[in-house]
C-alpha cells in the first residue's frame, strides 16, 4: 500500500507546548490567534494601500486568496494523503455562486449591481454572506466528490477530482449571458435563470468589486486557524493517521471514510469562499477557465513545495509563488518552466516539501524547550 | 574455492538489523540448508545474495568473484538462480510462458528445448497444464513450475526459499525427492527451510540461523542428531 | 441513417486515436503503477514534430507547405510519421531515465507529482520561441484529399450521401496496424512476456535474469512512439494546430486516459476497447444530445464506471496488498 516513506513511522505532531496551542478550556488562549489575525487584516486594510500603493496591495490580495486555496487543499492532500487535483473546480463553483448572489441580490435589493455602501456597509455584508454561501455550496459539492474517495484510492481519486473540475469548466461555459439591466431582471421571472446568466465562456463580468485586504485576510485567518486546530485536534490526528497507514488507522478505530469525506468538505468550503473573494476582486473576471486543472495544478504545486501537512510551509509557498511571477514579469514564459523544474527536483531531492509535516515554529521548538527547562 | 562464499554479511531494514555478520559457504555439488525460525534472517540472506537487497557490510562471492552491489538480473544471468519465497509465479502468464521465462537470457534454442523436455519429464504435472494460466495452479504445482523454471536457467547454484511452505506432506515428499535428483544431476543447492527435519534429511551440510546470526553449523546428519537442534527445531522432547 | 453512418465513421477514427494514446497510459501504469501525466504531452510533441518536419521537408521537394497546389508524394507522410515516432520514443526514454527511474521505490504519489511536473515542463518548453512558439499553426496537408467511397442513403424522397475520406481511412488503418503489432509484441514475443512479468512483479522478474530497467525503458519508448503516431494522425485530421500548452491537447490526453481507465488500466486490450467506447459516447452524445457537453459525457461515464466497476471493463479485481 502506498505510504509516504519520507515520514518516520511515528508521526511527530507539534508538541502542545510550542507556541500556538490546542489546549482546550482556555477561551482566550483559543481565540487569541483569531483576534490577532483579524486585527492584522484590519491593519492591512488601512495601512498597506497608502504605504505600498494599489499594485502591491493587489499582489497581497492575490497571495491571500492563494493562501486560502493552498492551505485548504492541504487538508485533503497533506493531512489525509489523498490527492485532489480539482481544487479550482470548488473555487469556481463558490465564486460563481457568490457572484450570482451579490450581482442579482444587489439588483433586487438596491436596484443596481454596483457597489453599495462603504467599509463594512450593507454591500460588503451581502458580499460576505455570499462568499459564505459560495463556501457552503462548494462544501456540498465536496461531499459529493469526496464520496468516491471511499472506494477509490490514490490516482483514481485524482482523476475523479480532475474530472469534476473539467465538468465544472464545461458546464460554466454553457451558461447564459449576464443580465445587466436591473429592471429587466426584476420583471423577468424565474425562467431567465435557466441557464444561469453568469456569462458563459467569456466569464462573469460586472460583479461589484468588494474584495479587500480586510476580507481576504480575515478569511486567511479563519482558514489557517481552522486548519491548525484540525491538525492538532483529535480528528486531525485521525486524518494524519489515515495518511500514514490506512489499515493501521482503521485498526485503531479511526473511521477512515468519515475522515476522508470530512477533509473534502472542509477543504471545499474554504475553496468556495476564496472563490467568492476571487470573483469580486477588482481586475478579475472569473471565467470557466478558472475551474480548469491548470489552476488546480498551481495549488497542488504550492502544497507540494510547502510540505504536505505543514500549514505554515504551504502558506509561505503560496505567498512566494504568487508574488514571484509578479516580480519577474519579464520572465513570464519561463515561470511555469521554473515551477515544473522545482516540482521535479523537489520530488527527487526533498519529496516531503520544504517543511515536511512540521510547522515553521517547530524549527524554534528546541530553543523554546531549552528556555522552559532553564526556567525553574 | 567455494561456489558461494558469504563473509560477515550485515543487512538492515531501516533501523532493524536483519543480519548481523553471518558467514557461510557452499561448495560445488552440495546441498546446503539454512534452517531457523520465523524472522531469523533466512530469506534476507537469499535476497541479499541474489541482489534484491543491498548489503550493509560484508562480502558475497560467487565463483570467486564479488557480486556485491551487482544488479539482480546480472546475478541471475551468471547462473545463480533464486526461487523466492511464495514461488514467484506470474499468475497473469500461462504456465508455458512462466516456464520459458526461465530461459530468458539464453539463446541456444536446441539446448533450451532439450532442457524444457527434461523439466517436463521431471514434473509431469506441469506438462499437463502448460496452456493454463499459472494463477490457476495449486500450490504444489506452482512450486514445481517455479523449480522447473529455475532449472531452465541452467543454474550452477539454485537457491530455494521454503519450497515446502503451505504444501501437503505428500507433495513435500515429491518436491524434496526432486531436489535430491537435481542435485545428483550436478546442480548445487542452497535450501532455506523451516521444515528442519526434511531439510536435514536431504542436505549434506546445514547452518542454523537465529536472529540474524549463524548459531550452529556442521554436517546435516550431526545436526539432526544434536540435542540442541532437536529441541529447538525438530520438535523432539 | 446517413447521420448515423457519418457519426460512426468519425467515432471509429477518433476512437482509434484515443486507443493509441490510451495504450501508452495503460502500459506505463501496468508496469510502474502510476499515471504518466506527461503522456499527453508526448502526443503534442508528436504533432508539433510532425509539423516541423513537414515544413522543413516540403520546401526541399519544391512544394509550398502552406499552400499545397500539388499534394506531396505519399511517402512523405510515412517518413514524417516514422521520424516523429522515433524522436518521441527517444524523448520518452530520456524522460523515464531522468525523472522516473530515480523514484522507482518512492511512494506512488511522489511519482504522480513528478509526472505533473514533467507535463508542465514539456508544455512550457514547447511554447518557447526557439521551440515551437506559442501561436497556433496550420499543419500542411500531407495526404491527398481523396474520397475512398461514397455511401448514399435514401430516406423516401431525398437521398443523402456520406463520404469516407482518405484521412479517416488512414487513421483507422494505421492505428489498427500499430495496435495489432503491439498486440503481437506483448502477447507473442519473449520481450512481451518479460514486460507482462515485470508488470506483475518486477523483483521476481529480475530473479529470472530479466533486465527490469531496460524493459521499463522499452515500455516508455513504445508508448511514446504510439503517442507520436496519434499526434501525427490527429493533425492530419484536424490541421489547425493549437500551441503546445493549449487546453485542447490536455483534454485529448485526458480522454485517452479515461479510455484506459474505463477499459481497465494496465490491460492492453482494455485500452483499445476503452478508446472506442469513449469515442462512441462522445460522438453520439455530441450528435444526438448536444455537442456542447461532449467532455461532460466522457467524464461522467468515467465516474460512473469507477463507482460501479472500479477496475474497468476488462480489469481484474483489485488486489490490495496489506
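The letters A, B and C name the chains in turn, as written, and every chain counts its residues from 1.
The rule we apply is simple: a contact is a pair of C-beta atoms (placed from the backbone, for glycine too) under 8 Å apart; a residue touches a chain by one contact, two chains touch by 3 or more.
Note that this is a predicted model, so its numbers are computed, not measured.
Enquirer: Which category does the touching pattern between chains fall into here: line, ring, star, complete, or other?
Expert: line
Enquirer: Counting only C-alpha atoms to place each centre, which chain is farthest from subunit C?
Expert: Between subunit C and every other chain, the largest centroid distance is to B.
Enquirer: Quick check: which two chains are joined by the most contacting C-beta pairs?
Expert: A-C
Enquirer: How many angstrom lie between the centres of subunit A and subunit B, each centre taken as the mean Cα position?
Expert: 55
Enquirer: Distance-wise, how many Å sit between the C-alpha centres of subunit A and subunit C, to the nearest whole number?
Expert: The answer is 35 Å.
Enquirer: Provide the C-alpha centroid distance between subunit B and subunit C, rounded to the nearest whole angstrom.
Expert: Distance between chain centres, rounded to whole Å: 44 Å.
Enquirer: Quick one: in the complex, what on subunit B touches subunit C?
Expert: Where subunit B meets subunit C, its residues are 50-52, 71-73, 76-77, 81-84, 88, 90-93, 97, 100-102, 104-105, 149, 153.
Enquirer: Hey, which residues of subunit C end up touching subunit A in the complex?
Expert: By the definition above, subunit C touches subunit A via 34-35, 99, 102-103, 105-114, 116-121, 123-125, 127-128, 134, 245, 247, 250-251, 254, 257-258, 261, 292-293, 295-296, 299-300, 302-303, 306-307, 310, 320-322.
Enquirer: Within the complex, which stretch of subunit A touches subunit C?
Expert: Against subunit C, subunit A makes touches at 1-6, 81, 83, 85, 148, 151-152, 154-156, 158-160, 162-164, 166-167, 170-171, 173-174, 247, 292-294, 297, 300, 304, 333-334, 336-337, 339-344, 347-348, 351.
Enquirer: Could you list, by residue number, the parts of subunit C that touch subunit B in their complex?
Expert: It is residues 190, 193-194, 196-197, 199-201, 203-212 of subunit C that touch subunit B.
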